[in-house]
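We just call them A, B, C and D in the order they show up, numbering each chain from 1.
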């Protein structure tokens, strides 16, 4: 038996622990393991395929990043090729991938990735490849699993930042707006905002009014709390759309910054008269050593992926349905979306803690 | 409406976040909140009952400890009284407690604690008191809830320690035995051992043979891995009982140290000839700032406890059954025990990672 | 004896430990202690003056921020007053300050602050006030002292961020540019860049050429190191001035961002073709719990300030000249500037480690 | 030019950063570098000598431990050999060491170690070898240098532990005695005790009376502070010698535990009636990632050692005499001892903070 491992999409703390666990569990069964570098690039002649041994994975269980490197480059079914004239053409390179996998004697693939990787995996399964998946998303938006590795670490990183910013905001009577990851969902913003006792949390699932945000800041001021911490998910949307606070002249700039936090800060300062600063945590959230929670979950997922191969659960994704690890068919995963429940106990409790969602 | 909050049993990171959440959620409903100091001592005239306001709970969400202090002193139904001659007599002081609660106008109590507190709560409910519970255990051994606050922090503390010890063990070619909490269950040892890539994990659920432990150490030696990290739960039991390694002469001492780690270390050194050191993490695991995971869970539990009062769920415990918070009747909780499943995916994966359980 | 304490300028981790130490050392001598809120605002009728007791400083030794709050509002000798028409007029309010201090029975003042605070302190001494100073600067640019509290914490925060970013940069083959504090000096960038093994460090003391920076990135690429970490002090200056990379059209924006990191990133991406991201750590560097180093130094400084009062060392600043704490006359401090020595052993060693300064 | 690097004595965070810096600085000069495994064992045929390349030291700057491993086995001039009958004979193996070094073409050695390593280095220099030294001691007891790497990390580890223990001690009204490293000096205990706001600090430099310690605990009790944190250096000595509290029957046991903390705890509990617990931090203090302070210092030391070779400063030790790195002749280092100054500003300030030294 020879299996191969691929990591695709953005970096997430715990990737190496998944790789390590899969490699050790496979070797223990007497299997061979290969590592495909940079997503599927290693199977498309654009990077390497390397053997993964006990030595390859020694001491990586607690490290960030991925020893296989990763990429957002796109699908082998729709692969971007830069043309002579600089334009980009998308081509289907799946035949090449499948042929190369066969040539290398690869019997099955463990694909570690998010939405995009799950879709590619299903397409490969449809073409007869044997693939099992491990879900990876910083944002916690993969359905059918309680959570995924990397999320707890990202939340911890944001909470550490909020802890640091709290004292400075308070010492200087300032408003601090902190942008965190979450284009489509507000899990990081919500969880970190609650754990880090933010005053305002703005998430894609609950459109916000800048009036309400400023009201909250001023209500605190009147109560002698002369500072406020505002956590903003990248994808937070003002009522009326982003133009309502971005205005006409700077959409390009705001886009570059990933969201609304900079214009939002300016607007809050203008309306409340309070010194307001913004901070974009960006890549900090993807990096670093995984928390112990994520290390354990990654290890369980890595081990489960090998059992999924053993059970020939092709086209399935390993998932945490506490306290169990289960295998879920990819189509079922893709059929759902996972979003913050605006009526769930977490949002409800947040409101009772005095957190405003700007609605 | 006037409610009171009590914290009993050992310290656990997140207690203050529960108190804060319950206080804020209650105040938001226009209720009064009292804090009973040191378990129920505040209602027995041995300590204070204090008002809990918004100011009382400001800035405590991320702190360790409990502003109400806590105690292991025992049940009001079986309260230890030191007699004139130094002996201890146990008396039922529940009438006094109930009378004092009535005198203070307390309508309902939130009891935050472990097994012992749950039993007392049920007895108080049987006597007509209105009590809801929040589970608290470092050891993760309260059934009917995925986990409890404090556990993630304790595991993190152990993993940090293991990370530190790894490099020293490796630099010095040493065996290091680390004792962690867990008299009845091995959750902390197992989770931390996996996340911290220990080589041997000894837990109460799987009796260990010292021969097998030494075999593992020597197998690593032969493979060029000249150090080993052994994580030992307090309650880990050698096959044949503790006398088998403690011998005759020092049972008292071993008891004082909380477990078998010291004699175990000596025995390993004697049998393998390798320098072996022991370390008892002890109280470090109960202290410190809660992790972001525990802060969020504590806050959810604190909010849920107030909703439980609102719903008159007397005699219920709030519980995490991901992704939901539910209310479970105390008798149902007490009917179960929660232990590490020796056949579950975690132990299985641990074995595949090369971890020995000494069996 | 009645003394008062004031904290001015930007937040720095360790301020509370200085306050605590001064208060405890003064109380132990039987003195009274007052706290002036927000710089000197408390003595100008714009904020409070509060008594500082043993209870006021309990448990603040390890916290960030300042219980006295702080401000950059400006000097009492040149105080900004907003006029009816919105314009700002600067007035000398020192008489008022001195009168209020006298009215409160203040015998001596401990002023904790940076350059600005030192100058104000000297002016107050010239007017007959009894002031001693404790140096405070995140940037480490106060002369005559080995370092000041807050600097070690700021460097640690940056190094933690670099550790996190390393793995992500490497996994994604990216260039990451990280802007850190240091308008006039590059101490934070240099120390953190070395401790965090950056590839390029850009500091005000060594003007950089963007060509050299890109050369370094490409040299690493050729050596198979497909990522680079670039640490940029706020005040880093390209050869030829900031316009050389900022261009004409966006100086306003660059200023808002505090420096050159954003245009620098764009330029590197354009020239090298490598994906490049920027991150501005900003206020994170001022916040959070002080490191143990800073807690100790703050405590020593706080204790020394009280001894300076006892010795009537008016107009002196406490300073660390390892292993001793000494008192230095303010004019001597102000006569010097403290900058990174481009020929010192640290820069020299950094170069030997392969770090490029872009020169 | 071919140099070799050796690490001896106990583990200390920063060893790898020194190795990395020396290797990079040497390679940059076009030199060859060898690594001697486990002290000098690699030159005595008992372990390896390995080439150290750029790849060998990649990514080790922030790791604990030493890639060369280390040992306390003893001097090549007095090397322990186990005889057939189990007894140990000490022999001079220096000729063998020198011959092997010559055979490997080693021109100069960088010896990283403490007291013991310095003495061996001097003996080797006396025999004509070219050796320079980098001081290493967790305890901070190497004279002629402000401090050494590893010390700041050890203090940080202790302070983190004290922070955790504080909340638990307070919640449970307990006395906690924490034993830290320091057989001959109390630097770790003193620095960490101040930074971590201990109540009592016991160090070898100031013999303590158990009466005074108990008095302090009870004085706090009377003031409503019902818990105490006591930091005890391994080498702390009660007035009257250790027998005064160890008694007759358990000297062996106390020795095993490294010090007086366990009998001390029992004695305090007996005399004050307060629940008292002890904790021995042990190896935790030697391990883990170095702090940013230690990483920088290690890197400077590693670079300086190569410059020392370049300047043929045989028999010198690199040292920090802030802000400079200097070279000090080994005999001058060995002539001094470095101890906590009981009359210095740190102890004085500690007393003013209310810390008792038990005297």
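In the analysis below, a contact is a pair of C-beta atoms (placed from the backbone, for glycine too) under 8 Å apart; a residue touches a chain by one contact, two chains touch by 3 or more.
Chain-to-protein mapping (UniProt): A, B, C, D = ATP-dependent 6-phosphofructokinase.
Treat the numbers as computed from the prediction; the structure is a model and nothing was measured.
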Touching both subunit A and subunit B (chains): none
Farthest-lying chain, centroid of Cα atoms versus that of subunit A: D
Distance from the mean Cα position of subunit D to that of subunit A, given in whole angstrom: 42
Centre-to-centre distance between subunit C and subunit A (centres being mean Cα positions), rounded to whole Å: 34
Separation of subunit C from subunit D, taking each centre as the mean of its C-alpha atoms, in whole Å: 32
Where subunit A touches two or more other chains, by residue: 163
Touch-based graph of the chains, sorted into line, ring, star, complete or other: ring
Chains grouped in pairs wherever the two touch, ordered by label: A-B, A-C, B-D, C-D
In the complex with subunit C, residue positions of subunit D that touch it: 20-21, 24-25, 28, 61-62, 146, 152, 155-156, 158-159, 163, 191-192, 194-197, 291-293, 295-296, 299-300, 302-304, 306, 322-325, 344-346, 348-349, 352-354
Residues of subunit C defined as touching subunit A within the complex: 10-11, 13, 15, 38, 63-66, 69-71, 157, 160-161, 163-173, 176, 253, 277, 279-280, 282-284, 286-288
